[in-house]
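Labels run A, B and C following the written order; every chain starts at residue 1.
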Amino acid sequence: MDYKRDIPLVITFIVGVIAVMDYYTTFSAVKETFTIIKNWGVVLQAFALGLGAANLFRVHGKRISDRKTSEWYFSAWLLFMLIVFVVVGLGTGQFEASSQYKWIYNAIFLPLGATMYSSLAFYMAIGAYKILRARNIDSFLLFATAILVILGNTPIFPATFPAFFYTREWIFTAIVGGAYRGIRIGIGIGAVVIGIKTLIGMETGYLGRR
Amino acid sequence: MSAWEKLAALPRELVLTLVLIAMIIPTLHPLGLPIMTGQMAQDWYDTVDALPEGSVILFDIGYGSGGYPSLGPANIAVFHQFFEKDLKVVIMATALEGSMMYPLVMEGVKPESNYGAVYGEDYVFLGYIAGEQTAMAGVLGDLPALVSTDYTGIPIAQISILQDVAGADDFDIVAYLTTAGGTSEGWVYQAYSAYDKDVLGGFLSMMTTSMKPYYDTGQLLGLIDGVKGAADMEFLTRHPGDAIQSSDVLSFTQTLVIILILIGNISYFGAKASRKEET
Amino acid sequence: MVSSDPAIWIAAFFTIAATSYAFRDNIVFKFAENTFIGIAAGHAIVMGVKNIRDYGWAHIMNGEMIYAVVFVLGIMLYFRFSREYYWVYRYPIAFLVGNGVGISIRAGIHSDFIKNIAATASPIIAATPLDTVNNILIFVGCVTALSHFIFTYEGIHKGTIGWIPKVGRWMMLLSFGASFGNTVMTRFGMYQGRVLFLLRDWLGVV
């Protein structure tokens, strides 16, 4: 047995099977074991939260030490802000509940997070103008429901003609309800197949190539 | 360049500036347009309304700063309904930023001053729990085996609301608001399928289409459809806020989008027709 | 009245800085972007440490020494960055994958598969003619959309029954149009929150 590859596959199989058995059986030993597995899973995911930061230190640390690009000082700033936030969070002993932490979060992280994601609104406008064109039957269908749903979503139109609102509701009930149900069933089959292949060791991508 | 081609090539900066103007004008001068509530939000409201006083809700804050403009107002509105009906709320966060959203939401609800609710007796916040579906399964499976304190470090033995809560059987309903696809499906999987609980879900509007089958098949009893659902909830709970104000802005911005789509198409077909005439 | 709170001013600066990218890439945006990534990673560490303390260390303090194993597994995760000992990282990731897959597929079969098929197989005739029409459309949409994903039998996409997946594609395109419409609303609804912040909380004109 190759301890570098086979033992991890066995771990995946055993843990996965216990999770599935917890659902289909009522054995108390399985329930108790799975409770510990779940709790370990939470802690392990918490450990994994630091992986991103560790990678940032590797990548940006190298950029700072090389100083090959003119933007190395941005890397220094990034790591500085990372350290500041960690020091404030851990130093107070109250983590995210401390007032200092909340202050930095609300002044810097919240506006940046909210704006970064929402700025896509501008790209939606450009995309709608440049791309959404009824060139053929396929794009016409997409175009038609897009327009009808936007009209139904825009309060001024239903306020003037309630039919826009009911059309939008009908599209969601009859059209979206049917097609997405088919897609859901397809996703469900795919996910279960991939899941079973992973548990029995036929899908090993997560182990990496090295 | 023909007139049609010019129409199809409006400067990017002009389009973006028009979008900004379309957002600023209605914010300064709200129209106060009426709200037509959708059935999905109405079902959420009715489901909560039918719960008897003292029912225990497990609520997940599954969004962060990116989702706050859409889901924050919805969260405030649904909490108003929870506290008005004297429900007990066990709050957790599956989003990394969820525990930073909690104080913002509570600032909007003010359960102590508005409803006489007491922290620890009527509601509790467990904080962020890593692991998404693992966290959900952990809380529903055996809460005391996973959680030992609330988010400020108070042991659960000292929190009266948690004395009778050991897991899924002790929750009357599970509700969540999230921006994450994995979380929105995860609660259906874990709460509905694994533990047979009633579930209410809210997410960004762009996720509604893919989550709709769960609502259609009764796995979600009610659904909050992003900022539209948030406005519906504010209207239904009679606590108007940022979402209803956003509705006015949507009237302007989305009308602009429709105009842009039409300009794009008119210029496309115009240019195509003029090319045909030339040949 | 314009806010005098420095936190509001900083937030306004970062809101404008992050928006500026939509117009053109610039140095102020780069500054905002790097600040965001740094703080996001810092927040992840803080929340991670808190979770390790609350859900791992707390158990050890209660005498449940079996939880020491997960600390070893957690440290093993960081061998991901070692060329020589990369394999050590596979042990904890195998645990996480096994747990994640097991937890999701056990219920996914019921939620995605059984419930949706059962709902599609329910009676089509409803109380009102409109509901009956809707049920027919839902049935047709579901079956034809599903047929579009059959790749193991090529014949379904050709010949006399080739229209079935074609109708499925049309139904899906109609649905994707609805998705696009809702995505427009999502993004504008989100940015409106920032406009409201700038005009109300910062400039005080609302």
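As a convention for this text, a residue touches a chain if its C-beta (ideal position, glycine included) is under 8 Å from a C-beta of that chain, and two chains touch if they have at least 3 such contacts.
What you see is a predicted model; the values in this text were computed from it and never measured.
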Greatest separation from chain A - chain, by CA centre: B
Per contact tally, chains sharing the most pairs are A-C
Centroid from C-alpha atoms only, then distance chain A to chain C, rounded to Å. What do you get? 4
How many angstrom lie between the CA centroids of chain A and chain B, rounded to a whole number? 16
Based only on mean CA positions, could you tell me how far chain B sits from chain C in angstrom? 13
Among chain B residues, those touching two or more other chains are 12, 16, 66-69, 96-97, 99, 128-130, 134, 137, 146, 194, 205, 208-210, 213, 216-217, 228, 250, 253-254, 257
Scan chain C for residues touching two or more other chains and write them down. 22, 43-44, 47-48, 50-51, 55, 59, 99-100, 103-104, 106-108, 111, 116, 119, 138, 175, 178-179, 182-185, 188, 190-191, 193-194
Got the chain A residues that touch at least 2 other chains? 22-23, 38-39, 41-46, 48-49, 96, 105, 109-114, 116-118, 121-122, 124, 128, 132, 143, 146-147, 150, 153, 172, 176-177, 180-181, 183-184
Within the complex, which stretch of chain B touches chain C? 12-13, 16, 20, 23-24, 27-28, 66-70, 72, 96-97, 99, 127-130, 133-134, 137, 146-149, 185-186, 188-190, 192-194, 204-206, 208-210, 213-214, 216-219, 225-228, 242-243, 245-246, 249-250, 253-254, 257
The residues of chain A that touch chain B in their complex are 22-23, 31, 34-35, 38-39, 41-46, 48-49, 94, 96-97, 102, 105, 109-114, 116-118, 121-122, 124-126, 128-135, 143, 146-147, 150-151, 153-156, 158-159, 162, 165, 169, 172, 176-177, 180-181, 183-184
Please output the residues of chain C touching chain A within their complex, sorted ascending. 6-8, 10-12, 14-15, 18-19, 21-22, 30-52, 55-56, 59, 66-67, 69-71, 73-75, 77-78, 80-81, 83, 86-87, 89-109, 111-113, 116-117, 119-120, 133-134, 137-146, 148-149, 168-185, 187-188, 190-191, 193-194, 197
Spell out the residues on chain C that touch chain B in their complex, using ranges where they run on. 22-23, 43-44, 47-48, 50-51, 54-55, 58-59, 62, 99-100, 103-104, 106-108, 110-111, 115-116, 118-119, 138, 175, 178-179, 182-186, 188-196, 199-200, 205-206
If you look only at chain A, which of its residues touch chain C in the complex? 3-5, 7-9, 11-20, 22-24, 36-56, 58, 71, 74-75, 77-86, 89-90, 95-96, 101, 103-124, 128, 132, 137-139, 141-150, 152-153, 170-189, 191-192, 195-196, 198-199, 206-208, 210
